[in-house]
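Letters A, B and C mark the chains as written, and numbering starts fresh at 1 in each.
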């Protein structure tokens, strides 16, 4: 096994994404990039998430879950504001009885006193058994994991979004939603997944597209106005994995064949000078008028928050799974956190003995 | 039973207050307006609050209480700042072992990203089993309950203050304080309750006055400078209920007959242009010089925070119950939250078996 | 025993520090100033902290600890920002199962509404069984303890930093770090402790110097540029206690004989007009080049955050104990909080029965 403590920061930083992942599987494991997951690991996590979700429905089950990590403490360090990612991780911790502490200000008192970011995070780590962190600087979560691996108190780091690139748990919840949506129709293999909207700037789409390349015969459709189309780097990754894809501006043509439609918001907060406002995005939205065209089994997804790309008219259509998708984030994060501490077998044993209803 | 899921928002919104209440008694129940309570329900809650309070005094009792809702999670969504209401609800949750998450910023990251208020609150509700919310917009809590009733995941909504109108749990704690204060002198029926101060703008007084109309032979005295006197709408409600009242500027005349004196603060934060500062309010305050005039059993109350309308000189007088009143808020809220989840019988059984001292 | 409820604020305020301490040993006890501790009490707390730390290593031990105060609630009132002190106390509470509520804004809604600071803190105390507080005004924590002692609901006050003077739990964690560092080399008695840096303005150094005067044959070295040298008031205290000390600017001469080197940061946030920037502090720092000169058993300490006075090059040297020192704060605070509620014997019994490994 490759050890994060045995490599220099310079060498580590220079590694390609797929090789970096090997360094995160140690004791403790870190969750830093989407590319560190294998299909086997994804499916283990999905199965565990479902068991946790089912056990949690009964009062005695919920009480059992809360004993699993009640000897641990997690630090939620959110240097960038994010209600839903924060709340979802917080809820996942609470389900497992894991105590949480949070630092949500971007500017802490210590920074004012001239402390280095590394010292600040090492301070926060001193009081916790795990760090769940969001940070505006790309790669900072990796730097933290590397830094802690070089101390005598390495604790697991869970990347809850760093910079413009990585947000691995969002990709996990998307995969989990697809797995559950296709549970009774043969699973994810062989499905047509249509991505719509701002594909250039959404890190969500980038990570999920890569994860889908781990499945067999999946075909991806990237539907976007030309200036917001998916990046060539992702297409290169898909080519290398042998995953088929179509790049198009024609949303209507993809609707009838879509097994999942993944809508996204125009991320104009990344605009340099309001360029998004000059793009006509009206054709990249979905509403009641499209519901007859798409299949009965199609999953309509969205990482939320949404604007007008999904009409609220379809919120109660059974194919609209975006609210369930959000709640799935809580379950898959609980599965991930439990696995980080290596206690997933206790859930499996409980589940096999008690068989809570689905 | 009338179902919130079976009525349009337009029709619901147009209902008179007393009819709205019928829609909040479903499964799950919502707590949204003072007018939804019956006298029977008030007294059940008061009895339960006292049992919780007594059980909590012993360590084993406190441990028992913490098992009651430890499989649940509450979202405390405070879009308006409020230390004491927030803390009181938070403490009530902790007493019952209910995990809490909070959003206390008025401006969340999602609002910045163009999300609708309905989507934001539905997001927050995704991770919780109950929402406790304070919001500056009148009626927004009702809107949220109605909206959730039209999803497949309706969770109870507890209104911790919305707009200028409703703050039902404040009225509950006031009733509870009166019930306890008059426990050994025949209860609330037949008592003279004197309200003093800014009666026009305090939603507290408006709600409590209505609740008192549920009791027999209560007489209310509204003592205020003329521009801050109680609104005609409340007097109409009292007339309809057959509750007697007196409207006066003469505080002194009411002191000797008062069973409770409910002081309030001039709420100048609602002033359009500082008009409060032109009103002479000196006669609408209480201090050591009045303590000989009022009865030995009179309860002096205040929703707090206070300014000068109550002198700190009387803080240690046994008739000054405003600090106890604040703590009562914690117990009555615990009773309300427990009842919301339908688990009050577990407290009653425990109490009957163990009989903790008073 | 001297009772806080039996003395006027004016008389209490005028007492010398060493006499004030007698008023904090009641039921409940308060932790307000470094000078209230005896050597015996310090060593009891250190022994308890180590037992808690060891018990916490095992999962069943951690679960046991969480039952100790799970019927209590602490209010963390931090009117001054402080990540590390806040987090450390928070973690200590979590270890003991003590629920926490926090108010971290300096300006609460009640202050806006014209409430007095005393009323605000009495409000916060209403919902809690203990207050842990940091406040910019010197002596305010004492005022709060005195005020609560004059109500019918006195709860313990733990001073987590008030004004420029007192931060007693920081001194406790420093003593605990020294006790642990010297555990196998005869304890703190007879050791040479070298303080370096901004000794004039660091309340940490002032409190620790006083606590060290409780030990036998300790010798203190104060190494600082002249304008930042230790205050005469501390030297007077040491003289009165018969504790030997040296005041010098020559760091190098003290290195070979130092048993502990306590580095500090230039606290330029207290500068009136940037005067610190004119002082040459380069000689008052430590790095790899000094590690051959100092003894193998020397403990290098720092209250953190640091700037350049300690090079990160020595972070992994076993003599660099400042990170451990930070974590020690969590254990000694847990010991202190547990003792405040008088439940330390439960830990001692558990420890004696189960003998968790060191």
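Note that in this section a contact is a pair of C-beta atoms (placed from the backbone, for glycine too) under 8 Å apart; a residue touches a chain by one contact, two chains touch by 3 or more.
Which protein is which chain? UniProt says A, B, C = Aspartate carbamoyltransferase.
What you see is a predicted model, and the numbers here were worked out from it, not measured in a lab.
K.L.:
Enumerate, in label order, the chains that touch chain B and chain C alike.
P.N.:
Output, common partners of chain B and chain C: A.
K.L.:
Same residues or different residues where chain A meets chain C? The copies count as same if more than half of the interface numbers are shared.
P.N.:
Looking at both copies, the contact residues mostly diverge.
K.L.:
Through what angle, to the nearest 5 degrees, does chain A rotate to match chain B on its C-alpha atoms?
P.N.:
To map chain A onto chain B, rotate by about 120 degrees.
K.L.:
What is the distance in Å between the mean C-alpha positions of chain A and chain C?
P.N.:
About 41 Å, centre to centre.
K.L.:
Of all the residues in chain B, which ones touch at least 2 other chains?
P.N.:
There are none in chain B.
K.L.:
Mind pulling up the chain B residues that touch chain C in the complex?
P.N.:
By the definition above, chain B touches chain C via 56, 59, 62-63, 66, 81-84, 87-88, 90-91, 94, 265, 269, 304-307, 312, 315-316, 323, 326-327, 330.
K.L.:
Can you list the chain A residues touching chain C in their complex?
P.N.:
Those residues of chain A that touch chain C are 67, 70-71, 73, 75, 99, 101, 103, 108-110, 112-115, 118-120, 122-124, 126-128, 150-153.
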